Every structure is written in structure tokens, then in C-alpha cells.
């Protein structure tokens, strides 16, 4: 991606404040405007700005390159793959992360393997924009982040946006990559405001330190970054200085940045809106330990409760998804031992 | 499962030697014979003994309860779910683990969530028999073990058979469970011979120590158990005593048995026919470390090479899949530091 | 229920109840007394009531996130339904499911699915279980027009046909899939044509006419039971409200809603019942007030009920 | 190639080459000189050759694990194909793909898929790219009879029809899906009927007659290019061998194979060429020997070629 980062140096604008939703919209609009090979498809993406209103104005501006699909996730992901191997750069919207399993074959056996099976002759510049996360009272079939579902699959890249700036830069990076990239957005973050640097393109595989601290490293993605930052502010009043790392990329995993941070703080808490099993949190802990990174106390994980599915019932859903308080407790606990 | 283990105590027979393939066939035959609610369905399961010849004689003996399906993994897994909620106990064959993503929705959003969404009113006694693994020169779309793909999903159980005895007992346990259970078989193990205790039923979530040792604990599943045992024999000649744990269950993960073993040996090597990211190996290491289990040296993982897909080319496939030699090297390395 | 009059009076009452329930639920969402999202079925009551009236007591059905109509037509207590929408422990699924999952196995309601198309193979599976056991029962499955474009629809139809499973596919063609008019995602107008590649009968039914829905479904169920295999029934109908809570349905042409409301299913049956002398205007008003009272009582009961704890919720994941 | 005679002579040569290649590959698998599994297409040569002869130079196609016929008909060098089957670095995919993935983008072969049905939406996507860019090209996709039962088939057909994508679906109905005869998994005999729910033309074609295959495909491609949308062509044919290396095909009724071999596609065209005076018997024998020599040379070249290292293999996973 080096060329991109050079290019970026020249063209990055002053940060402007906007919502996460507008940042997604801007990245989509610019991507479609900058390159006639970019197409954007998904269910109702061209209708009424899309179901989460991230697509306002795109169909009007970019016409037949913004395509409403029938309801067929596996099929339209395959269509995007077919477009990509003949020179287009499709962006596919998944209205809910929970629908990715419906496209399981396209995501596991096609997108990541297609280049390899052709001996490198074909490229698959496909971006999947995935609207994820719980807390919306959508019930157990509409609340997954799915952020680690495909992290084991070589051939894929997986990103997750925690801030408007990340939503913009990660999506731009995904669209410019010649490989398939899944970019997760969190449905509870669309109204959040933050600075966006127009023209900036995320570096693939680079995490971001959202807050510096000395006593403990909290690693999180998406909504959990927000809650980790809240926890850090709570802890500050207790004299505890927490560093907060926004992982940004789940594949490739930026073990280096986390290792360096933990090298300074000696303590690690992962905050994840997913079950701990087979997730990036477990993977990160395993890789750090296998590298022999020194930890002054046991790492902690704040995750969805083991063996419980996400309930619709509002108070139960709130009890299931990690809160700033639970993250702060894990930090306090890690400082005790 | 307590009732089952009592029942088992009464009825377990003397071990008899048979192949892994015959053990699967026996468990299927007995399950169909013991309970008229059991049905067995999948592609060509009733034709010519099935593609891997595990089903010889079943259609002849059990008639219309052995059902050939059209090619539609998501559909026939949903059919099994529908059968189960009205009182049947379906066993579904997946001819290759690589086809599970085609049934992604049924496996992620239906089987594990159906009971929960009904407030506990419905049970889903469905078994998925999944033929997995590489080494057969089937290429990158037909060589996955997929053993950790669904380990994060509450509502599911996931097992993997390393020996004829395990193939028999795990399948029996799965069919008797009132919850959905995925049982992985490895296509390279079908001709292996070993003792099978007729009437035995595996305890859900219980790993098996296949070989006792003092210096290091090697944890593995399926084909890797075999290679771990080879490695242990090689190491023995060097005076290194390796304990080999057949994990047997990936969900729930038997952290206790591994922790106890590592408590004795102080060293851990995981041998996995999968990429390390988001797998049971990473999860196991993370959970052990979070529990504060003492390790005399860094844990090691012998896995599929990061960022490489499984190639068809025979020498390359052999280089990708962990060998006894690579496992032994990891053990030697772990004893050095 | 053998007397045709009393049966149709009950259909009328059920349709009124569904309408009152949905209108009330919409208000409760709008003023925040229910959280999350909901998918209402005003305008489609004749499909739910007419089709389900054709079921035998031990038949089963699956439906969708837009399933309140079927749930109530199957006899689910509105108080239990309302409690589910409010996430209370007294709900049909103890509040774990919510609006998209009104399930009541004691009434043959074995699933309301939030994944488009997922309910179809489940119904085929239940039907195959009946067939294998020699039970005299059949399964119904309700699916939207948009759902006929997903692979699961095709897979379920094909398996049902090749196995002659006793199942009936009710395609609820309300002309829209979310914000997309049918022809934006589907190359044909009459979804009954989607039965052809399975050698299965495909019938177009007036989904506003509860008598027509009942007759067509009864015939298809009889066929299924007799071993002649599945059928597809396309119910031409219309949803009055937007797709879900957040949808004002601005994408619909002017006058389309009005035109459909002129053939409102409750209006149509109400007129007939008066013509047939089965009911008076006053009796209809009284019935309307009675069901509204029932719904209002349901709200009170639901709001008075407790929630599960997360620990209790966890006990409903595994059976073993 | 404009002279019809020379074109059909080339078709004959291609069919002979495919037959020789497949017969030879089968021997090499049986005596272990090629590892793994393979899916041969003897008997289906007219479908591969006739359909691909109808393509324009810049058209593309996707096919399946049973794709050697299409790959060779598209002009892939048999030595490159053989090297791929032997996992050598000189193979079309450098040995990373194997028998199920004979791909050659320079020849418009953008995919041979080992997942049933997965190639269809890929072809629809390529066709939509052509349409969006205003390119005059179209896509073909080859799919088996059994594959018409998986959801991806339905999803691809529906999208192609609603978008009028310039794509042609070639259903290679060889009467079996693995060990299952068509009617065990499919409720109809004529898969052309599967075009109906998409308002798409569905045509039954004699898959043993290369002229008929070529004519039907040319017409469908012309229709696609003109903007009138996709077509489904059902090619009635037969695979002489078992499903894959390990399958002796015991499940087939006696005499079925013989009956089909009486209408062998190579035999049929060979007779016609002699009748038309386009070729003599001796010329046909000479051509048969020539292609066999070509295949034998391919084996030598392949076996002399090196393998990639695993590190090199890893460099073909990501482009960035």
C-alpha cells in the first residue's frame, strides 16, 4: 500500500467534523466518483439512501453503478467477484453482519481463493461493507458483529471501524486494495461525530492508539473502543492511566503495535463485542504469549457471556454486551494481581 | 449426559479392533437401529455406501430413514432442523467440510438459535457428520478441516474424531444429545484401525489423554493426534517424554484437562491442521494464560502456514500440513527456552 | 366451528384482533414503549386467517418476522404476544425472541424467522417427518415475495417436490421487499409461475378475500395429505405500513395504498357477513371494541410482568 | 475459420483432443502418475466444443471441476493443462489448482469451480460488468444437472433475468449428479423448464450434436448481446465414466452407456464430415494419432517441470 500512503501525504485535507454515517457516505461517494470501475451493490442500496441511510444521494449521483440487488447474499457476492475479475471494483453492502453466513461459500471458498486458484492471474478487488453489532434490540439473528468469523481465512482482509475517521479511511483502503476486504461498521455508531481527514487512506494492518496510557493496554474494536475510552476516563479519576488501542484490522492483526503498548504498560485487557472463543481477542493473547511478551499480570478479556446468545429483551441485551463499567472492572482486577 | 454414562456403564462391551470407517458405520447403524426417530440424510448417503464408503449397508437395512438429498447444503440442513423440532433425530452428512459455508445460515443462525428463540420450548437434536481435512490432493476448495469455524457459536457443540473409538463414541454422543452437534471425521483416517468399545458414549466436553508424559503436553485433534503420537515416539528416543491430549471437543473446550496436564509438564505445544488465527489452539492458549496456568516456556503452535492457502500440488500440500517432524521440532524448541 | 357462519364470524374477529394488535403495537413503538423494530401486517389479515383456518389441529407452520398475524390466527394469547414484544418473561419466548419471533409450539407455530427464506426448509423438514412417521399431518410455510429470490426458497421447493412432502408454500405477495417494488428484484409479476420448475401446482389467490384464501389452502392441504405433494399458493395482497418501524414507505406511488384499502380484507368480509345476515353493523362495532379492549388489557399485563435475568436466559441455549 | 468446413474440422480435432486427453488422464490417475481426484468429460465433448465455438474472442466463461473439455476447447495448451494436473509450476495455475481448476484468463476462462453452482453468479457478474461498461461481450457458464438444485443457481438466474445480463446458462444434463440419477434429486426431466420462473427462454438441445450445440449457443449469445437478456440451454448428454476417479459407476442400468455411445458426438460429426466430403477416414485416423501424440508430449513436458516452493505458493494469495 506504500503508493497509497505517498499519494495520501500529498492529498490529505484538514480534518473536518462529521458523523460516522456521513463519513461512510463520503467514502462511498468519493470512491464512486474517483474511479468509474467502482460499483456499489446490495439490497436497497439505491432506495431511500439505504436501510441505515448511509447511501443518501449515491444513486442519484452515480446512476447505474449503484445497484439494488434481489435478496440473495451468496449470489450477489458471487456477482461482485465476477465483476471484479473482469476489471470492476465492487463494493457490496451487507445490511446485517448476520447475513454473511448466507454468503458463506462466496466469502470462504470464492473471494479469498479465486486469485490463488488462478495461480495469481486474477485479482479480486471486492469490498464487503458489513453493518454489524448489537444493542439495537434486533434480536439474536440480527445482532452479531461477526468481526472474527473470517479472520482465519488467508486471502481475506478484515477491518472494523470505531470512529468516523476510521470508517472513512478503512473503506477507502478497502476499495483501493486489489484483494477482498471486509469492512465492519457498527450500527450504533452511525450518529457519532468525529474528525475525518479527506483523502486519507488507512494503512492495511495498522492499529491506532486512541488514547495513551502507562498502566494498562485496552484493545478493542468498534463500539468497544468507545466504551474502552469511557472506562479509561473513569479510571483516570482513580489514578489509573489506561492506553486504548483501536485494533482497526482483525486480519492482518497488528500484534506489533499491541506488543509495543503492552511492553510499556505490562498489562492487557481485550474488550470485544463477541464471544471470546475463536475471536481476535484470544488470537491476540495467544500470539503475544507465544512471542514471549512480558505481562505483569494475567491478561483479561471482557466479552459476550460464554454460552449465552444475544437476547432481544432490552435489559438482557444490555447485560450481555460489555459496558465501560465491566471494562473498568477488568482493568482494576488486572492491576490487583 | 449422566443418564447416558450410567446406561453406558451397564452396556459397554469389550473393545474390538476395527477401522475408523467401520466405527463410523457401526455408530450410524446402531443409532438408526436403536431409535426409529433417527434419520440419516445427505448427498448420495444411500448410494453405493456413500462417497467415502462410510454408509455401506445402511440404506438396505434402514430403508426410507436413509435419505439421498439434492445438492443443497443450506436447504437440507434446514430440513434436518425442521425434522428435529417435530421429534426426529436427524444425522446430516457433509461430504466435505468445505461445504459447511454453503449452509452457513442454517449452522450459525438456525440450529444454535432455534431453541433460544423459542424460549426453550423447542429442542434441536441434529447431528452434522462432517468429512474434513487435507492431504488428499483435493485442492484448496476441498481440504479444510473447518473444525474451529463454528466454535464461537453458543448453541452448538463441536467434536472431532482422532481414532476409531472416538469416531464411534463421539457420533453416538452427538445423536443422543438434544442439542445440535457437529462431528468432524478426517478423510485420511478412514483406514486407520483401533479398538472400539460398543455401547460406549463419549462424555460431552471431555478430552482424552492418548499418551502420558512428563516433559511437555501436545494438544491435537484428528490427523494431528496421530502425528503428535509419532512425534512423541521420535522424542522418546531423545529422552523427551511427551504427553499427547486428543482434544475431542472443540466446543465445549476441555481447558481443565489441558490445564492439569500442563500443570504437570509445564510446557504446551498445540498441533492443528488449521491456521492459528481464530482457532481452538489460540483459544486454548488464551484461556490457559488468563487462568494463570504456569508455563515454564512459551507455548508453541504448529499450524497451517500463515497467509498460505492449501495448494493442490502434492509436495506443496505436504509442506503445508503439519508433520510429526515439525511437531517434534516445536517440542524441542519449547524445551530449549 | 362446523357451522359456516360461526366459523366466518370467528375469522372476522381474528382479523379485527390482528388489525387492532398491529395498530396498537405501531403506536407503542412510536412512543417508545416497545424498543427495537417491528414488521406489521395490516392489510394482510385475510392471508393469515384464511390459510391458518385450513390447518388441522396437529398441522404445523413456519412464518417470518412479519408473523404477528399468523401467531394470533393460530390462537396465541395477545397478552403473551405483547409480553414477547416487550421482552418480558411472560412472553411466548420469555422475551428472548421479540417481535420477529412469535413462536407457540402448542399452537403448531414452530418458527418465526428473521432470516429471509430460512423458514421454508424447516417446514419441509417437519412435513417429511410427518411423512416418514405416517402421520396424517401437513405443514404450511409463509414467505414473502422478495424471499422467492433467495436460494433457500428454490432448495426447499425442489426437495419438497422430489420427495412429495406434505407441505404448502404460501407466498405472501405484498408487492414490496423492503423498499423494492417486486419488479425491481424479480423478473415476473405472478409468482405462482415459480412452481413450474418443480412440477408443482402454482395458484394465484386473491389475498384480500379470506374465503378464497381458505378454499385454496384447504385444497392444497388436502392434496398434500393425500400424498400428491406440495403446492405453491401466491396470495396477492398489500402491506399498509412501511416495511418496518423506521420506514415511512415514501417509495410507493400515490393512490396505491388507497386503492388497496378499498378492498380491505376486513371490509370485504364484514360486508359479506352483513349481506348474509350473519352479523349486524352494531355487532361488528361491538366486536371491534371487544378486541381493542383485549389488546389494551394485554399491554397492561405485559408491562406489569418481569424480565428474565441473563443467567436465566442462558439456561435456554442448551437442552443438555 | 469463416469457411464452415475448416471450422468443423477444427471442432472435430478439438473433440478428439479432449477425448484423448481425458482417456490419457484417466490412465495416469489409475497408475498413480497423477494424484488426487479427477472428473472426466468423455461423451460430453460436443457441448464443450460447440458452445465455446460460439463465443467471441473477448467473451468469458466459467465452468466446473469437470472442466477439461471447456479449457481445451478454449485453446488451453494441453501441456499447460497436464502440468496443472500434475501440480507443476508450468501448469495454468502453477499447480496450485489441480484438475478441478483449469483456468486460463488469456483464453476467457475465468474460472473452474469445485463448489457446485458457484460459477454461475460469477458469470452473471462478468456479464454485468460488460453491460455497465457498454462492452459488446457476453458470458457463458457451464453447470451440471445436479447443480440446478442448489440455491446459487436460482439466485444467479434471477439476477441475470431481472438485470437482463448478457449471459447464457449451459446446463450440461448428463443424467447424473455423482451417484444420483436425475429423478432421484430433481422432480422434472427437462431442465429447460427451469427457465420459466425468470421469464427466460429455456431450450432443449441435443448435446451429442456439435452443430446443434453451436447453433443454439450462437443464437442465445446473439440475444444476450442485443440486450434481450439471458437464456438457459439444456444440453442432453451423458458422461461415459464415473463421477470421479474412485467411481466405477455401478449404479447405471445395463445398456445405458452403450445406447449413448451409439450417438457418440465424435462419431456423429466424423460421419457427417465424411458424408460432406470434408474429410476422409484416413484423415480422421491421422488426426486421432496427431492429438494423441500431442497429449503424450504434454505428459513428458509436464513430468519434466519443477514444482513451486511453498513460499512461492504463498505469494499468490494476496495481490497487495
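Read from first to last, the chains carry the letters A, B, C and D; within each, the first residue is number 1.
By our rule, contacts are C-beta pairs under 8 Å (C-beta built on N, C-alpha and C of every residue); 3 or more make two chains touch, one makes a residue touch a chain.
Because the structure is predicted, anything quoted here is derived from the model rather than measured.
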item: Chain whose Cα centroid lies at the greatest distance from that of chain B; value: C
item: Whole-Å gap between the CA centroids of chain A and chain D; value: 40
item: Chain C and chain D: spacing of chain centres that average the CA atoms, whole Å; value: 45
item: Interchain centroid distance [CA atoms averaged], chain A/chain B, Å; value: 31
item: Chain C, residues touching no fewer than two other chains; value: 94-97, 101, 113, 115, 149-152, 155, 158, 162, 184-186, 313, 317-318
item: Per-residue multi-chain contacts in chain B, two or more chains; value: 69-70, 72, 74-75, 98-99, 102, 105, 109, 112, 116-117, 139-141, 154-155, 307-309, 311
item: Arrangement of touching chains [line / ring / star / complete / other]; value: complete
item: Complex interface listing, chain D residues touching chain A; value: 60, 62, 91-97, 101, 103, 105, 110-111, 113, 115, 118, 120-130, 132-133, 139, 151-152, 155-156, 158-159, 162-163, 313, 315-320
item: Touching residues on chain C, where the partner in the complex is chain A; value: 35-37, 87-88, 94-101, 113-117, 146-147, 149-151, 177-180, 184-186, 246-247, 250-251, 307-310, 313-314, 317-318
item: Chain B residues touching chain A - in the complex, by the definition given at the top; value: 74, 98-105, 107-109, 112-113, 116-117, 139-141, 148-149, 151-155, 251, 253, 274-283, 285-287, 289-292, 298-301, 306-309, 311, 337
item: Chain C-facing residues of chain D, complex; value: 149-155, 158, 161-162, 183-188, 193-194, 196-200
item: Chain D-facing residues of chain A, complex; value: 1, 39, 64-65, 67, 69-70, 72, 74-88, 90, 105-106, 109-110, 112, 114-125, 154-155, 177-179, 204
